[in-house]
Amino acid sequence: MRWLGPQQATTPLVQHILLALLASGALLYLLHRFLGPRGRRALIVVVTFLFGLFFGLEYFLPVRTKTLWPTGLPNTGGSAGNLLTPGIEPMSNILAVIGAFTVGLGVYSLVQVHGRNVLRRRPGWHNSLAFFISFLAMFGFGLWQYSLHLPEPLPPTLTPLQAFANNGYEFLFRGLYAPLQAATFSLLAFYIASAAYRAFRIRTTDAGLMMAAAFVVMLGQVPIGAWLTRGLPNEGVIALLRLENLGDWVMRWLNSPAQRGIALGVAIGALAMSLRVWLSLERGTFFAEQK
Amino acid sequence: MADLSANSARPEIGASAPGFWSRLQQIPRYYIYLLLAMVVIWQILFPIFLPITPSATTRGLEEAIRTVPEGKLVLISADWDSSTQAETGPQTAAVIEACLRHHKPFVLMTLAPPMGAKLAHNIASEIAKRYHARYGVDWANWGYKYGTSNVLMAMVKDVPKMVGSDFYGQPVKSLPIMKGVRTVKDIGLVVEVTGLAGMTEMWIGLIQGPQGVPFSAAYTAVMAPGYYPYLDSGQIEGMLVGAKGAAEMEVLIARPGRGMAIMSAQSWAHVLIMLFIIVGNLGYLLARGRERRG
Amino acid sequence: MTGTEIAILWAAAIATLGVYSILYRENPVSRLLEHIFVGLAAGYLLVTTWTQNLQAKWWAPMVDSGRWYWVFAPVIGLLFYFIYSRRLAWLARLAMGIYFGQAAGVYFREFFPLYSPQIWASFKPLRPIFDAAAPPVSVSLAWWSVVIQNWLFVAVLLTVMSYFIFSVPHEGKAGRALGKSALMGRWFLMIAFGAMFGNTVMARISLFIGRVQFLLQDWLGHYVHWLAQRGM
Amino acid sequence: MAGGELLPNEGGGVNSLEHANWFMRALFFTLSAVIVASVLSAQRGRAMFIRRIPGLSAIEEAVGRATEMGKPIFFSPGIDGIGITTLQALAILSYIVRLAAARVTRVLVALRDSTVLPIAEETVREAYDAAGRPEDYRPEDVRFVSDEQFAYALGSVGMMAREQTATHFLFGGFYAEALILTENGRALGALQVAGCPDPVQIPFFIATCDYVVIGDEYYAASAYLTREPTLTGSLVGQDLGKAVLVALIVTGIVMATVLGGATPIVAALLGKGG
């Protein structure tokens, strides 16, 4: 079990871990037992506020050389920070780790839906069976192959078992997973064609403008566009009318300011939403008052 | 103010009387799919090359490669994988060809998706064979280096130390091509080939700006427009835009290859889509005309 | 080619063609592939969660480096699982509160790096400036066309922004002016959307070209010499 | 960010935005204060106007269509992880579930991020409670599909086809998978309403959906839909905030015109903080 890392778990470590587990269990029990609805709500509000404050404040506090934690860590990117700076990267890591434990919820949701299909022999249950087979195969071969820590490019000599693990994983990944990904992605070539055909009708001003801009940019992308306007000069203002330049011009002088207008509006909208979330003003939306 | 309801989904004008014109407005999507697939397959097999005029951005990259001083390396950072391969693959190939044609030694490196090292390696070995270029002497592959910005920072002072071993796992110090390569200043040009945002900012912020190493790039067509400001300011010397850029490079070095074939498929696919749009609008206009009259 | 490579080639080709069958309609083949894909992805998710996240960031520090306090991470993570109990769900909300706070805080951090360059890149001078050091566009242009471009840029930006003003009625003198500006802004938006659409077509066609190359050259080309010769 | 423009300052590059300086602190505080003040003023009962936003008005009609046809609703909060975009999507989901629950119409939610899953479940359950129908809540209607972008797309399309959903809502952060979802959804004959703060996928939504919510309309949604004073106040605050930005930009343009370029202004604004 090399993938678990070298086992150095000494007794004091196990003791510490058990103690910590007990302590957190006790804390949670106490919180649950003695906090009333209002206390619980207040606690959630405070936790939300503090975490928002921590991440936000680090950006806005003046830059100083002194920090709250001793910083031998290279986590400030070599530049100066303030007293919260050394905490940002560890905290982000911690939250990433905590978040990773929710993967079980996702897998549980899948297993629940497909397990029910298989057990009750619902129509199409064989598809759900295929789900379980491919899920377990990828999980098994994936971990097995990882545990071998094979170098890349592969050494010429592999034991039969190593070769089996590696081939199995390669088959699942390069034979199924990656091609399914690429093929699904490439469906967009067809969808964009039929979407263009349907959407670009000069029925309204809006659609007409969209169509004109799309046409100019599309022509500018391919040699046919350049060929159509090859008679125009290569220098000066008229050169702008050459389709390859015109498409570019539309992208930079009409598309980018419009995108920026959208972005600046969104900037404020998202700021307002962030403030509402941070101050728990949006609370009624997600979780109504405590029962 | 009119709704933003897509001018699309709901009933078409004249749809009640299914005449020829209104049918032009409702070509079943299967026909569109089928024709598109046929056009692309046809062009991949029997490309009709169209005259391609290299743009200023591509000429900039060709010139940057051509003018790399003697004794300095071209570093091609191949930060792509199969998801953008149709564009970045030919781009990598075109940049490699340009290096070989101008007799500039080049090295490959991959910072982002690990798969890029292998994909770029295959392309390079294939082209190198044609030019009788030897691995380790005329070109090398540093392989995938983990750590993105940390790699770049480590590279500034001591390149061989940062690289360690190459794609095959042999120490790079043993490669003849690395003789005389100490700091990042021994690299004459960096060419970033990628579909990932953020790579350019890193190279410019850590290497091009502070160290003065010339920088060029090859981008997927979708992300390229965002980088024109860097081009205007001279921080990017030249740039390939999508497969089109690769085809233009092939024209510049007189080596029609995969970029040209892809561009012919692209061109005819674009023409097909535009024809569909035109037909749809014709159908709409004529059906509306008939409805007004009758 | 080894047996595994041949199997990979065929599986990839069949998977690709199977996915394309969805272009006709959702069908038994595409449905089967969908379930296989979802299954593989779920398996891969579990594997990478361990190998790329938990193993390095959690297990190694806790077990190998003896940082016992990392045991609190799964305790908090497992609080999320209390949503399945009505009585204990509030503990899950406590854990969610952490992420709500983080979401807000991270946005506060992103605000300026994301948007401030956009703000000052909009400070376009509206008169001709003869500064050879900073040519404003790569195509060499007459000074007056640069000025026109800047005016246009500013007009598009401000009218688009006015479209996103929601709380002022488009009535009265000022309101009607705002309404007109918003309508202009909407038109510019449509032009921008059309341009973005057109600019994306090429990338999407590329994806299909990549698949066609795989099917023709790697797969069929492996068996048909004639195709392999045409391979690029 | 791919669209990010070059900062016209020398040497500083990206690092100059690593922390705020005096200007950023001042601007951020002003914007936040304007929004919060507007919320407080609305909570005290000041009446506020919101113009019609067609895409958002369509939500009720779209829910009604599913009820009439006796078919479920499909909702996707996009593929971003936990963040402001996704939280806003869940706020819209909450409103839609309340509407649908009151009319005994199922809402299927397709998720890509496992950390969003518990939050979405809680939101939906709360919404059923608020609609007075806690017994109708079915945990299996909030589904984790896949964390892989295109497996998510295929899985969601399969879900639409098998459950025969009549109305599709797509609100959140969408990327390349958006067109796969909406093009198939359209082929299945569903009424589709989509919204995304990022403009890149909007053209494809316009081409395939019946109603589209663009840019900041997305963040106006909660206020527009619920008309709760806190939220309408926030929306008015948003408008004031945008006015502050416009004023800033106009000032910058005027100064750039007078000074002959933006470089000195930006240098002053980016000057050392601390």
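Read from first to last, the chains carry the letters A, B, C and D; within each, the first residue is number 1.
In this section, contacts are C-beta pairs under 8 Å (C-beta built on N, C-alpha and C of every residue); 3 or more make two chains touch, one makes a residue touch a chain.
As the structure is a computational prediction, the values presented were derived from the model and not from experiment.
Taking each chain's centre as the mean of its C-alpha atoms, the one that lies farthest from the centre of chain B is D.
The central chain of the assembly on a C-alpha centroid basis is C.
Looking at contacts between chains, the pair that accounts for the most C-beta pairs is A-C.
Averaged Cα coordinates give chain B a centre that lies 18 Å from the centre of chain C. The distance from the centre of chain C to the centre of chain D, each centre being the mean of the chain's C-alpha atoms, comes to 15 Å. Note: centroid distance chain A to chain C, computed from Cα atoms, is 9 Å. One simple way to say how far apart two chains are is to compare their mean CA positions; for chain A and chain B this gives 24 Å. Annotation for chain D: residues touching 2 or more other chains are 1, 3-6, 14-15, 20, 24, 28, 82, 84, 87, 115, 118-119, 122, 147-148, 150-151, 154, 187, 199, 203-204, 206-208, 214-216, 220, 235, 238, 242, 245.
Within chain B, the positions touching two or more other chains are listed as 1, 4, 6-9, 29, 33, 36-37, 40, 82, 221, 225, 228-229, 233, 242, 244, 266, 269-270, 273.
Touching two or more other chains at once are residues 59-60, 77, 99, 102-107, 110, 124, 178, 180-182, 184-185, 187-192, 194-196, 198-200, 206-207, 210-211, 215, 218, 221-222, 251-252, 255-256, 258-259, 262-265, 267, 270-271, 274-275, 277, 287 of chain A. The touching residues of chain D, counted against chain A in their complex, run 3, 15, 18-20, 24-25, 28, 31-32, 35-36, 39, 81-82, 84-85, 87-88, 90-91, 94-95, 111, 113-115, 117-119, 122-123, 126, 129-130, 140, 142-144, 147-148, 150-151, 153-154, 162, 176, 179-180, 183, 197-199, 203-204, 206-208, 214-216, 218-220, 222, 226, 228, 230-231, 234-235, 237-238, 241-242, 245, 273-274. Across the complex, chain C meets chain B through its residues 23-24, 121, 134-139, 182-183, 186, 199-203, 205-210, 212-213, 216, 227, 230, 232. Contact residues on chain B toward chain C in their complex (touch as defined above): 1, 30, 33, 36-37, 40-41, 44-45, 56-57, 82, 84-87, 89, 220-222, 225, 228-229, 231-233, 242-244, 257-258, 261-262, 265-266, 269-270, 273. For chain D in complex with chain C, the residues that touch the partner chain are 1, 4-8, 14, 17, 20, 24, 28, 48-51, 53, 82-84, 86-87, 115, 118-119, 121-122, 139, 145-148, 150-151, 154-155, 157-158, 161, 184, 187, 199-200, 202-204, 206-207, 214-217, 220, 224, 235-236, 238-239, 242-243, 245-246, 248-250, 252-253, 255-257, 259-263, 265-266, 269. Those residues of chain A lying in contact with chain D across their complex are 59-64, 77, 79, 81-82, 99, 102-107, 109-110, 112-113, 116, 124, 180-181, 184-185, 187-188, 191-192, 194-196, 198-199, 210, 256, 258-259, 262-277, 279, 281-282, 284-288.
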